[in-house]
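Read through the structure below, which is laid out as structure tokens, and then see the notes.
Chain nomenclature is as follows: A, B, C, D and E, assigned in order of appearance, with residue numbering initiated at 1 for each chain independently.
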Amino acid sequence: MSNQEFHVSFKNVQKSYDGKILVVKDLNLDIEKGKFVTMLGPSGSGKTTCLMMLAGFESATSGEILFNGKPINKIPPHKRGIGMVFQNYALFPHMSVGENLAFPLQVRKIAKPEVEVMVKNALDMVQMVDFIDRYPGQLSGGQKQRIALARALVFNPELVLMDEPLGALDKQLREQMQYEIKHIHERLGVSVVYVTHDQAEALTMSDQIAVFNDGIIQQLASPEDLYERPENSFIAQFIGENNQLRGVIEKIDKNIALVALEGGKKVSALMVDVKDIGENTILSIRPERVIIKPRASNSTDIDGKVLELIYLGDHIRCRMMVAGNDEFIVKMPNSSNHAQLKVGEEIGISWEKEDCRALKP
Amino acid sequence: MALPAHATSGEKVFYYGYRVIVAIIFFYLIFPLLTIIPLSFNSGELLSYPMQGFSFRWYEDFFGSGRWGLAIKNSLIIGLSSMVLATILGTAAAVGINRADFPGKQIIVALLISPMMIPLVITALSLYLFFGKFGLNNTYAGLILAHTILGMPFVLITVSATLQSFDYNLMRAGASLGASPLRVFFKIVFPNIAPGIFSGALFAFATSLDEVVVVMFIAGPSHRTIPRQMFSGIRENLSPTLLAAATVLIVFAGMLMLTLELLRKRNEKYNSPPGGGGAAK
Amino acid sequence: QDLTIVGWGGTTQAAHKPAYFEPFMKETGINVIEDEWNGELAKIRAMVETGNVTWDVVQVEGPEVDQGCAEGLFEELDWSRITDKANMVDGTVKECGAGILIWSVIFAYDGDKITGDAPQNWADFWNVDKWPGKRGMRRGAKPMLEIALMADGVAKEDVYNVLSTPEGVDQAFAKLDELKPNILWWKAGAEPQQRLGAGDVAMTAAYNAWVYRIADEEGRNFKMVWDGNQYSTDYWTIIKGTKNLDSAYKFLELSMRPDRQAVFFNKVTYGWTAKGTGEFVDKKVLQHLPTYGSNMDNALETSGAFWLENGESLEKRFQAWVSK
Amino acid sequence: MSEQLADNISLKKKLQKAERRKKIEALGLISPLFFVMLVFFFIPIALMLYRSIDNSQMPAALPQTADIIQQWSGEGLPDEATYAAIVGDMRIANEEKKLGMVGRRLNFDLVGYYSLLSKTGRKIDEIKGPPYKEALINFDKKWGDTRYWTVMERGLKDKTLLYLLAAMDLKYDENNKIVKVPEYEAIYISIISRTVYISISITILCLILGFPIAYYMANSPPRTRNLLMIILLLVFWTSLLVRTLSWILVLQNNGVVNNFLMFSGIINQPLELVFNRFGVYVAMTHVLLPFMVLPLYSVMRSIPADYVRAARSLGAKSITAFIRVYLPQTLPGIGAGALMVFIQALGYYITPALVGGPRDQMVSYFVAFFVNERVNWSMASSLGVVLLILTGSLYLMFGKKVNIANMKLG
Amino acid sequence: MSNQEFHVSFKNVQKSYDGKILVVKDLNLDIEKGKFVTMLGPSGSGKTTCLMMLAGFESATSGEILFNGKPINKIPPHKRGIGMVFQNYALFPHMSVGENLAFPLQVRKIAKPEVEVMVKNALDMVQMVDFIDRYPGQLSGGQKQRIALARALVFNPELVLMDEPLGALDKQLREQMQYEIKHIHERLGVSVVYVTHDQAEALTMSDQIAVFNDGIIQQLASPEDLYERPENSFIAQFIGENNQLRGVIEKIDKNIALVALEGGKKVSALMVDVKDIGENTILSIRPERVIIKPRASNSTDIDGKVLELIYLGDHIRCRMMVAGNDEFIVKMPNSSNHAQLKVGEEIGISWEKEDCRALKP
């Protein structure tokens, strides 16, 4: 794909606020038209900074940002035509909902009757038509969020940026809004750049996720790739839950390594970023990928001892002692046809080779 | 603060005793103001109870007599002009202070609000000596400038407070929605900080309206304000017209307070939702 | 251009209005702005020195007229523009001042409250055992020091001789010390009779005319004690550097007319300065004037020369004394 | 990380440029106000402070004498040239009517100078010389007194400490030594300590009265709270003069309080409640109380009830919980309120002037006194210096510890 | 069990703040010694109010609270010996950590050396000995939480109350603290009354959960009972996720009802609070209890159409159209041996009879 075809491209972008520390170190990111791309990363990793550069409220210290193939930095923010949803919504408190939505249309000098129609439509989209005369102060968090979304969309931008728009909502509302945003995106086909530090949110909503850490994109991939095939141990730890076992590589067969764990047991694992025999490695296994068997029935099975069982309704968390790690968690679906364990019980566990990934420590 | 079932008798005594004490202190606060108002309608000349009859004669004197009339006019001219000046200068400075960090900012802020901290007599004396050289004593200009300086810290403080709670994301939101910077200022920033500016202005006006020390030093006979007139009245002849003036000032204070209360309510309406689910953070 | 005329407020100023200000405005069409002061010459000094002359005509006491004249604070008067000096009562013509009234400090008490033995002189004023209650006195050295000496038994002829010696000054202050705990100080001439009326003081030093007016108007039974009263003349002066010199002279001319003065002295029981005023004055008030026969018997004229010489240091000492 | 930028020095500059523009904008917005403040506040105050030692109009009034008297040893009488100079100077000064001013300033140092100069001035034409020395001494023997010449020499310097010293009850003696003024003239030290004493008393009174009501307001239901707040703010917003006047009406001899007490037979002589220290305390506390209550209240409002509850649940009696847990947390409010009340009380003038007697006046009164009644600006300025030093040192001592944010009102 | 044996008993407790609205309507709750009992309920349901009454900061409008069998309302709070952890910790900001912990001991007039030992021990328990001289302002949220816990325990109370102590922590820290609190409870054997509105937290930690709604305890049960056997539709909805299908009872056989769904299909369900034939009912089925099969293989299977698949890492959420409900969610563990679905696919679903509960609407 040539540059022209990307909607937004970050090319070697660096950013420093104080001339000393680079907050964004070397950002390369291409966003296709119509996609929902999420920037995910811990607090302070530079996500907001990237959005601000794209929206034009900060300028890149070096590197280039292309928007529809053209460098963006010469265009002032109010001419970029990028919709934005702010973390605290930034609804204008002195304007009613209707006035908030009309604002971007008025500054574009759109005729009054047309403005009315567009505002109505946008409110319709977020099911808030009845609230047109309320003031933001009179809305609940979720309602504000919807209005912010409608305002960012009402002037038909090609690109919408959202900075942790659901951060302030409670869990139930948050999940509901996730679906709504996703559906609106699908319906309208705009490109969305979405910022969050909640991985479940990122997984739920995105076409692509860029995981930030320390000003660098650690991995850019679809949700499934990210979860199933993390490229380094930061990703493995950051996305989903993860058990870690230490070991040393003993043998390599194509991309499968035989790893000796503490206690001597040997297991096979998919090699990700390790290379050599004798290298130390961390094996990473998802709690829900562990298979539980009655006491070590098979030679490749590993011994485990149940330390604690925690009932969580839809699943049961089982903390075990496995190969010297007493924080080894196994998630078992809580369905009637599943094995029942007891605290203190000694059992065997195993997993599919591909579910066990050998990573650099 | 209801009294719980397990309260000891000592606690009970304290509970009611405390209430009585609070009532007495509030009585102390409001009582003098309450005594002055009825007396201003007294038909007699003596400034003490019992009242001899009801009349508006002191109000007629206050609003009708040359001296008080002049004082009212002067107070309004000086108060309003210094309010406008203080508001413009103070607001601009508050915006500037909030705009960027620069070395010595703390000191500059401290200097700018110092008129509040320095005893009025010193300000009055300094201005009196200084204005003397430039012929500004006994002029409206001198008084207005002096009161501008005295009122400005209030504007600075209230506007700064408003700006601190002003969400700069609103400006960004405005720009992202396509509004030019100028438009953002007038359509978004200004309406949002207006209550702060307005209450700062009220503070400045009230400061001017209450100020007497500086006026005493630098105002001539034709620039006397209401409080200055009251001051000499109290010293020289306690006429009931003073009480009429005082009552008018009390009513003015009440109105001022109501206005500020309305401003605060208006702000609340915008800022906090009625049914929970408050804003972020 | 408005003419700013400054008096001592209260009763006198209220009477100036119909007697002089209003006719003046009528005659000339020049607006009069009134102001008050308490005789602090320094204020005028400040105006003249800073070139900020906002007052035009000021009512000044004798010693200050001399002092200010020497310092160039007042215009030297061109009497031809006012009146013939011969038309003036003796001792009311100065280089820089045209006498306007002769006033006196007496002491007064409420005849309804002190009904038995009446106080007769300053010594009685000091006698708080016999006549309990606060004493009102002016917060200034002049003429309280003279009064103190007279209360201490110094004859009126000797007062200034004694006061010219350091021991005499000490004697005066010592006498004042005796009374100090019982003194309620006043500053403005309008105050003492207010306090007397309100019952804050049992006796008070006061200007005779002010006491009389309140007693007359409010129907109070205020009694005045003339023994040992301190009289003095007040003058109109024109502030040096005024922009309204012509108007000021016009005003002075008007206020030296006997018929105008009569309007004033019918209201205010001070002594007039324009000969012939007596013809127009109501006979019943005459006995209340400081210049009325027996009232002058044991009266002391305040010495301008003495206060000119010693005013600064005595005032300074008085302020230190009174604030402690 | 900085090495990453090593190759990109222009970056830093770019960054600074962007920042600089912001700073310039900020300064541009502040500067009009700052300029106005500079010209109409800071410079006047600086000049006022300078005025306390400025003496330049003296050598200007007697220029020749000022010049020549420098050579005088201080022992014995000055020489003929000096006498000649002073006669010449006096002649001119008398014409220019400056002699009064000179006399007054010298009189401040030595009583008698004023009359000496005015007398000499009036008769200056009668003094014929040379030799002027003899002529002058013959005219008045004070001219032959070295004390007068010591004072003259001191008084013709460009700067003088005379007034600052006087503000501390000090003066020069005949030997140019700094000594205390005689007891009967000493006044300012006691005024300054009285000022501090009254201010501290008012602060304590405000705290004693302010704390209970702030606490009550902070812990009462919204309806009560609003009502009490309205009362407090109404009082706060009411003009200072009105409040002072009200107290006079309430406390005077036939005022409301005395009438009530006499009527109910508790007393049969009116109590002296006003125009004395008691009146000052009552009225000033009333005026300044809101400045204590408002910051206290806002601090108390921000203390969640949980702290006291926690203390109670941990086993503390209600009084222990209050003293050990609640009270310490109100300290910022107490600090802010006390500082505000104290600083304001230090500079108070109007209220004591109206409801106090002569023995209740504070430094401010004397500043006004010297301006309005004495027109001794140097003395007023010197007292101003004292007052400013008091306020400033207090602020420096406590201002840092007290969060100014707690001082906002209303 | 007689009253004596309960540690705390609420008997017909009612509470109104304003004399109009009952915030707590009729509370009956018995807490056994040494148990970990959680009050769970939506915001405003009166949980904090109950704690406050127990701690003595509010008094009950009517009814009685017994503590160790004795009525509590005459005992002032500081003599009840109840430890309390507040939602915002309520650590005294002007005292160091050590002073905070020493406070309850000092007011009990315990000798100084002993105090020191007890403070050390308590800090040891929460692994914060090194922080003894810090001030609360210098601690992170999790650290504050631990200190608050230590302070509530340092004077060896028999009963500890905790009001949403983890509400302010982020997810990771929160989960970690849940385990710690639970372990400390197990170790010390004190009774704990815990308030939260997070059901996962309640399930994780409690011996018993009292679900509040509207001032009434809707159900008091162990976590497992609550999840598996909700007694009414509020509980079913509130605890865990839940699919609801509307239907009418056609036949009753002991405690199993035959319910006709919209669309005519008939399914069996466990009767919970419905009684009569012809009654309307709501069937409630947990998303993880739904069994997915290739296109309706069995006559009792129900048809479903896959509308949306959401990848969530450890599981996949599948939104389906089932019997007229287009929000029917099925949770499928995301393990390699599981069926792979496609959007638009028509499949059959079924469940065990006991997993489908017929409730009053």
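The working rule: a contact is a pair of C-beta atoms (placed from the backbone, for glycine too) under 8 Å apart; a residue touches a chain by one contact, two chains touch by 3 or more.
Small disclaimer: the values here were computed from a predicted structure and weren't measured.
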Contact steps required, at the very least, to link subunit A with subunit C come to 2
A student comparing B-C to C-D should find more C-beta pairs in contact for C-D
Using C-alpha atoms only, the most centrally placed chain is B
By Cα centroid distance, the chain farthest from subunit E is C
Distance between the CA centroids of subunit B and subunit E (whole Å) is 53
Averaging C-alpha coordinates per chain, one finds the centres of subunit C and subunit E separated by a number of Å equal to 91
Distance in whole angstrom between the CA centres of subunit B and subunit D is 23
Note: subunit E residues in touch with at least two other chains are 56, 76-77
Residues of subunit B that touch two or more other chains sit at 48, 235, 238, 276
Residue numbers in subunit D touching two or more further chains are 252, 254, 318, 371-372
Per the touch rule above, subunit A residues touching subunit E in the complex are 199-200, 203-204, 223-224, 227, 239-241, 286-289, 310-315, 331, 333-336, 352, 354-355
Counting only contacts in the complex, subunit B reaches subunit D at residues 1, 11, 18, 21-22, 25-26, 28-33, 35-36, 39, 47-49, 89-90, 92-93, 95-97, 99-100, 102, 108, 111-112, 114-115, 117-131, 145-146, 148-149, 152, 156-157, 161, 199, 203, 206, 209-210, 212-213, 216-217, 227, 230-231, 234-235, 238, 242-243, 245-246, 249-250, 253-254, 256-257, 260
Note: in the complex, subunit E contacts subunit B through residues 43, 56, 59, 73-77
Listed in rising order, subunit D residues that touch subunit E in their complex are 304-307, 309-318, 320-321, 324-325, 328-329, 331
Given the complex, residues on subunit C that touch subunit D span 38, 40, 42-43, 45-46, 49, 67, 70-72, 134, 139, 173, 184-185, 198-200, 308-309, 312-313, 316-317, 319-324
